[in-house]
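So that you can tell them apart, the chains are marked A, B and C in the order they are listed, and the count of residues begins at 1 in each.
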Amino acid sequence: MDWMNQAALSAQKSDAVFFYVFGLSVAFLIFITALMIYFVVRYSKKRHPVAEQIEGHLGLELIWTSIPLVLFLSIFYYGWTNYEYMRQAPRDAMVVNVTARQWAWSFEYPNGKKSKVLFAPIHKPMKMDVHSADVVHGFFIPSFRLKIDAVPARTNTTWFQATKLGSYDIECTVICGVDHSLMLSKVIVVPEDEFKAWYFGGEDAPEPGKSFRAVEAHPDLKDLPPGLAVLTAKGCLACHSVDGKPKVGPTLKALFGKQEEILVAGTMRSVTVDESYLRRAITNPMDQVVRGYPPAMPLTPMTEQELNEVIRYIKTLN
Amino acid sequence: MSEHVHRDDFGARLGMWLFLVTEIVLFGGLFIGYSYMRYKYPIEFHHGGAELNATLGVINTVVLLTSSLTVVLAIVAIQRAEKKRAMAFLGTTLALGLTFLVIKSFEWAAKFHHGLYPNAPHLATLPPGEQVFFGLYFTMTGLHGLHVIVGLTILTVMLWWVATDRVRQDRYIHLENSGLYWHLVDVIWIFLLPLFYLAA
Amino acid sequence: MTTHAAPAQPSFLVDTGTRKGLMAWLTTTDHKRIGLLYLYSMVSFFLVGMGIGFVMRLVQLTTFQKLITAQTYNALFTLHGVIMIFLFVVPGLPAVFGNFFLPILIGAKDVSFPRLNLASWYFYMVGAVLAVLSLFTGGGAPDTGWTFYAPFSLKTGTNVSLAVFAAFVLGFSSMLTGINFITTIHRLRAPGMKWFRMPLMCWALYSTAWIQLLATPIVAITLLLVILERFFGIGIFDPSKGGDPLLYQHLFWIYSHPAVYIMILPAMGAITEIIPTFAKRTIFGYKAIAFSSMAIAGVGSLVWAHHMFTSGMSSVATMVFSLLTMVVAVPSAIKVFNWVSTLYKGSIDFQPPLFFALTFIFLFAIGGLTGVMQGALAINVHIHDTYFIVGHFHYVMFGGTGFAFFAALTYWFPKMVGRMYSKKAIYASWFPMFIGFNLLYFGMLILGMMGMPRRYYVHLPQFHTMHVVATVGSWLLVLGLLMFFGALLYALFKGPKAEDNPWGGVTLEWTLTSPPIQENFETIPTITHGPYQFEQESQ
């Protein structure tokens, strides 16, 4: 089932426990509330003028001590065993060094490859060694139901095995200063072969994730509108959809003329997307990052003419 | 309205004991921190301890213990309505308390001289464990020193009250409680001694 | 039921001493007046905290972010937390109703140390003022959250030191009150008032006092260390000097978890007084409730690290603390079931206090059950530090302690000020309050499950709808509250004179005039039976 885009084994483990406890809780809540209401009505002054003085009942006390105790212990046990699973990374897991600093995430792979977003092959265990360069941060992937604090002078670890292609939020959960709420990134779950291609592909290997390219994917560039052709060729579509789907980067659909919240040096601005904005966004992506997205856009060299095509094409997407 | 509530020495004593409990827990927090850190840095704590002057520590212990004794004697004297002796004993206690502070201040001065104080450039060069050790050393002895000062102030007031007969044979609960407080100060020191001076 | 036509002596509200008016109040050692001093000061600070909470909700409507910067928002939730925790729920019921009714309930003229009692109030005020000052002085309002986690709290340029010192002073106030209550209960019970003849409110206050005594010093020293760190850099929490942030977290929660039971136990005590009075029957399972209070106090001091499951503790520690967390939930369950059973075969006289008491049970159950979810490790790693937590603790602290406070206020108000309020108005205020409350805080629970982290100035688009719902809820809630306090305020000045025993209660306070005379009892009563004996009445 897909509940709150459950996208990893850990998510299934966590949700299983949640539903168990949730079921119990609802049952008890209804039971208690119903009982209260019934008593209040049934034994109201009118219907029941003289109260019976009942001191108590040992049997009942024992029952409602032991039953909740047993239930609570079962909750503990279920929660604990599943947690142990979520915590013990398998030996063959690939180890990624996650570094948190005010206010950004960075990921380093065993072969020294660095990235601002976390690329992960689907169905493969990935182990996270989480560090912090300054204060305490929290590494949180809601769709994986995973969280581990990044504590300075300490290495905490967690692991996951993604079960769904896609791009998922990474959020910082421990108050770490003024831009705590902007300390975001993304996990990009990609097919293994694509991941390998990127991972072993040296410096200029294209970033993985092309497979999300929606229907607009097309073998033959010549029959595409020139702008789209460029986007396809330059691999922009790895991170940008043209049909509104969110990916690593914002979709390019209906982008032109839109109000965009961008971060310039950590402070938020609101701008309307126009020619010059698009130019800057493409020619030097890092100096103004769209809110909610990692500063992950690589600088992709383009000729002036290509650039114009791209912009003209983006305009057509409204 | 307190005047109307009948006098209850036992209650007062109970209250004082409860207060002492909170004091012990207060230092307890520091002791937890100490054990946690010592467990983390056994060797560094050993070295840190070596830096401290054990003999001075022991002398101070003796000083405090005797001062505790003299307080008890003062109380006994009051119970016997021997005002003069009581005042004499209280005086000695104050003197001993001050001696303790003087010795301690010499110790601290020496540490500062060797640049072994928090944020000192020299300390920063030492391994982290030792920095923590001295951080704890100054915190705990400092807080204890503060308690000594408070204790001395209270005892001075007591001395004055004895002099002015506000504390007498039939009404010495205040002196008794002050004595309890002074014993606490003493007991805490008994713990600090092995933790720091005898850590080596 | 002796109903004095005219009180034999002047009520405690009348100045008899040499001092008159305000001075008479500021120098009083009468436990009842001190109780009212706490009530008035607390409500004022409380309204500040409420205002802040209200603004925080507005911020979550992104349209308001022009007005408030991220820095301000961080300051807002920190101050909101500090005020609500240290100035409102922790002193909360013990300071107000404990002070006012503990001596009366055990048949005493006052607490053991009346002057110390007044001193605690002054400590409280000083702490409160310092907390507010920290807003405007130094490097600006602290931005660390009420948890002051190191090393951020050591590095931030904001005025953490003063805020932390304020909390330190408030801790003192709380400790002294605890000492006072324990001694009072041990020494000043009326003749014949055996331990198991005490009203259960006293048991609740007794267990609370012990927690205050044993837990508060830990946070005191911890906060002291933070100050020392900031001024002298002693480096115990600072990793760059070999210190350990986790040590801070442990020390902080060793106090702050027990503190949550400081908040709830007196609330439970008040509920336990109210239900029998309106069910016109004795409490179900007196001893079970008395012991569960002590059990909560005991076990509750062993579960602190359930706030640190994701901090990287050893897997053994996480296991043990999760287990203990489950155990501590049991006594609360026992209480809930006993309360409900107390309604069974009663003769229920439905009045505002009972209405709020039952609402308390419902909201506290939700809060508690979400607490149990958080205690389950596999769930905690997902919801820790999300709005789910925020939802949980508002259910327990506001839905629990807060509503218990309302219940207690409506229950004892006539006794305390000698005037009756309009029941209609109170009932009317319940509806916006209840609906708004659940919109607001259940919304937060859902947000948390969706993965909305707490202490976020801006949120991602997918969370916006729920945030709007919650904010609308907060408007209803505040509306209800204003109606509530409005009604009481009106009654305070214009309300009709209250009878001595408007609810037909049988605990000692109802044998007194409303308001009581200066030393409560002309003659100290002799107790011959348990606290909730309704037989004599029906005969």
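Just so we're on the same page, a residue touches a chain if its C-beta (ideal position, glycine included) is under 8 Å from a C-beta of that chain, and two chains touch if they have at least 3 such contacts.
Values in this document were obtained by computation on a predicted structure and should not be read as measured data.
Distance from chain A peaks, on a Cα-centroid basis, for B. For chain pairs A-C and B-C, the one joined by more C-beta pairs in contact is A-C. One finds 54 Å separating the Cα centroids of chain A and chain B.
Mean C-alpha positions place chain B and chain C at a centre distance of 35 Å. Shared interface positions of chain C, defined as residues touching 2 or more other chains, are 244.
Residues 1-2, 4-5, 8, 10-11, 14-15, 18-19, 21-23, 25-30, 32-33, 36-37, 40-41, 44, 118-119, 124, 127-132, 135-136, 138-139, 143 of chain B are the ones that touch chain C when the two sit in their complex. Only residues 4, 13-14, 16-18, 21-22, 25, 28-29, 32-33, 35-36, 39-40, 43-45, 48-57, 60-61, 64-65, 68-69, 72-73, 75-76, 78-80, 82-84, 86-87, 134-136, 138, 140, 142-143, 145-149, 151-154, 156, 169, 171-182, 184, 268, 291-292 of chain A touch chain C when the two sit together in their complex. The part of chain C that touches chain B in the complex is made up of residues 29-30, 109-110, 112-116, 175, 178-180, 182-183, 186-188, 213-218, 220-222, 224-225, 228, 232-236, 241-244, 247, 250-251, 254, 518-519. Interface residues of chain C, counted against chain A in their complex, comprise 65, 70-71, 74, 143-145, 149, 151-152, 155-156, 239-240, 244-246, 279-282, 284-288, 310-312, 315, 318-319, 322-323, 325-327, 329-330, 333-334, 336-338, 340-341, 343-350, 358, 361-362, 365-366, 369-370, 372-373, 375-382, 384-386, 449-451, 453-461, 534-535, 538.
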